[in-house]
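Shared between the two complexes below is chain A, which has chain B as its partner in the first and chain C in the second.
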Partner chain A sequence: MTEDDTLDLCGEKCPDTFVYAKIKLEELAYAGGGVLKIVVDYPPAAENIPRSLRTEKIKYEVIEVKPASGLFEILVRAPAVE
Partner chain B sequence: MGLSLNEIKRYSRQLVLQDMGAREQNRLKDSKVAVTGAGGLGCPVSTYLSLAGVGQIDLFDMDNVELSNFNRQFLYTPEDVGKPKVEVAAERLRAVNPEITVNAINEMITYDNAFDLFKGYDAVVDGTDNFPVRYAVNDACAVNKIPLFHGAVLMYEGRVTSIIPDETGCFRCAFPHPPPAGSIPTCREAGVFGAMTGIVGSIQSLEAIRYLAGLEPSLKDTLLIINADYSIYDKIKLKRRSDCTACGETFIPQPVDYNCEVVEG
Partner chain C sequence: MEKSIRSHIGSKYHLVGVKFLKDAAPVADEKFKRPKKPIMFCQAVRKAADGEAFQMQLEDEACPSAMVALGFEEPVYIDVQPRIDPAEIKTVLIGPYEEVDNPDVGLLILDPRQAMELSSITKGIQSQFSGSIAVCGEAAALPYMENTANVSFLCNGARVSADFRDNEVILGAPPQTFSDLAEKIDVLSKTCGALCGCKTSDIPPRIIRSFGKIGFEKSTDYFFGKAAGKNIRIYLNKDFNGKVAYMTLHLPIKGEAKAAEPFKKSIRGKWTDLSVTFNVSDIGVELNTGKGLKEFIEQIAEKVQI
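Take a look at the complex of A and B:
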């Protein structure tokens, strides 16, 4: 699975990590959908972002959460939304 | 999506909410709202509209700041006594949120000018303190099809309702005629409990913000009555009247011609 775009949130903490991820994913959804790679270095965000995305009205699919040398990569698919 | 990084940070605590997001925030940013009255209701109303990121707020009032305002009107300081309320309020609100436009309109609202003044707005939030202006604003909003978020406070009691053209009844549907002049004590005679204006103004702004963001207001066709003296939080169902002279089949101008201040704004 390859991403269409990457959002680097290193240095950000919750809940800002979720806000930025949500806005970016929303943009992607309204632009026809796609896959976003979110990079975080704040460990709780690796759990909080996927959990919070599941409660959104737009049905995002969290494809995987992968630890990557001190960072976490979260791969999320945004559906196309009108 | 036209939100800057600054705006995303500023509004982050509402952007995280489930039904809110960039689309809803952009709707607020693109909205143009009139607030009638910069008093007890106008202060919380205009403050929360500003904080939420409503793009343009036009404040209407023609009073100057008085010392007796200070038990409820928190946008002013004693140094502002004698200055036009709208000028001071607009300056404070711009300072709090430089991302939005706040216009000060120091003009009297009458039945003759209301229909021209309240054109092109996405919503009007009413914080006026007298029946002639209240009915003028209602009739103008009904004719020009502008959503009106009504609030009123006297003593320990507050009332709020959300009026959406073609969906709900208007203020005149609920109250076809104003009370006879002098039948209700004015706020100067009866007093106003300051915290009640905060509650009512906050609910009005909450309803307006929800509507502007594209979410459902909860007080459509409903009059919420809050009475702190009796601990009453009551909801009264309102109904649209087809023979209403403001929003019914035929509009008939009905200016209220007495001039007594009745309910706090």
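Take a look at the complex of A and C:
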């Protein structure tokens, strides 16, 4: 699975991490959908972003959350939305 | 208990009680209301410090960190600490401490000075903090899991969304910690740990004159003189309403000395310290006029055997 775009949120903390992720994912959804790689260095965000996405009206799919050299990469598929 | 602690540190906030229930059924007590829409645990704590009470289940919780930290759900993607493990909690009660039946944890919003004052009484409080998962994890889950007190410097969510001020921290602790604190504060207030404002300069002049008339001189925080051939220090202590309510007699005796209850005895090198505290309203002495004061002090001093 390769991503269509990357959002680097290193240096950001919750709840800002989720806010920025949500804005970017909505942009992607309204632009026809795709996969977004979100990079965070704030460990709770690796749990919180996928958890918060469950309650969104747009049905995002969390493909993977993986540690990467002290960071975390979260791959999320945004569906196409009209 | 709450009154003692709040009065001592001068806090306008309630001590907040938190109880973790493994029962899914909502609590019938009307004072614990479910939030009308999901709120964050730290927001509920903040409101409880102002007197409100809540019961929260998973669907009432707006913060993803708190869902895990409070033991509503297991983490899915990474381990999250501190948290209630295993995640078996179905309902959390949050309210002013006295309104929560057998709380598991108490939470107290403090400024640094207040934290210092409580820490000096308990001979230290640990502070394990990370700037994340704070009110729910560091102040509630950690004391619950480890049965220890912890001061958290809060997290971004608590400060941004729950209106915690820049100069505030939060103490979370098991009930025993707060019971011990209250007990020590009460002892301090009665034995004049000089923390209750009972310096002799704060005592009305007519009471100072009463001691002067029987030959007792005024020192910084006690009167001193002799009765029945023994040196005596007398401390006057105020209650939390500012009224002179207690009188402590301290007899430092060089060498061995004996006195029956209610005297307390401690050894200090070659000295024996004997002390006893009375409620002024119980001893038939009028401090304002000095009536009965000399007789009472002599009667007490005679009970000490050298």
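Definition applied: the second predicted complex is superposed on the first by the 82 of 82 C-alpha atoms of A that agree within 3 Å, B and C clash if a C-alpha of one lies under 4 Å from a C-alpha of the other, contacts with A are read in each partner's own complex, and residues count from 1 in each chain.
Just so it is clear, a contact is a pair of C-beta atoms (placed from the backbone, for glycine too) under 8 Å apart; a residue touches a chain by one contact, two chains touch by 3 or more.
Not measured: the values here are computed from a predicted model.
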Combined model on chain A where chain B meets chain C, clash or fit: fit
In the combined three-chain superposition, what is the angle centred on chain A between chain B and chain C, taking C-alpha centres, to the nearest 10 degrees? 70
Examine A:F72 and indicate which partner it touches, taking first as chain B and second as chain C; both and neither are also allowed. second
By the touch definition at the top of the document, which applies to A:K13: first (chain B), second (chain C), both, or neither? second
Scan A:E56 for contacts with chain B and chain C and give back first, second, both or neither. first
With the two complexes superposed on chain A, say which partner A:E27 touches: chain B (first), chain C (second), both, or neither. first
Looking at A:Y42, would you say it contacts chain B, chain C, both, or neither? Reply first, second, both or neither. second
Tell me, in angstrom, the smallest C-alpha to C-alpha distance between chain B and chain C in the overlaid model? 7
Could you tell me which stretches of chain A are touched by chain B in one complex and by chain C in the other? 15-16, 18, 52
Chain C partner contacts - residues on chain A that touch it in the complex: 13-16, 18, 42-44, 46-48, 50-52, 65, 67, 72
What does chain B use to touch chain A in their complex? 1, 3, 8-9, 12-13, 15-16, 18-19, 21-23
Which of the residues in chain C end up touching chain A in this complex? 63-65, 67-68, 75-78, 80, 131-133, 155-157, 160-161
Touch list for chain A against partner chain B, complex: 15-16, 18-20, 22-23, 26-27, 30, 52, 55-57
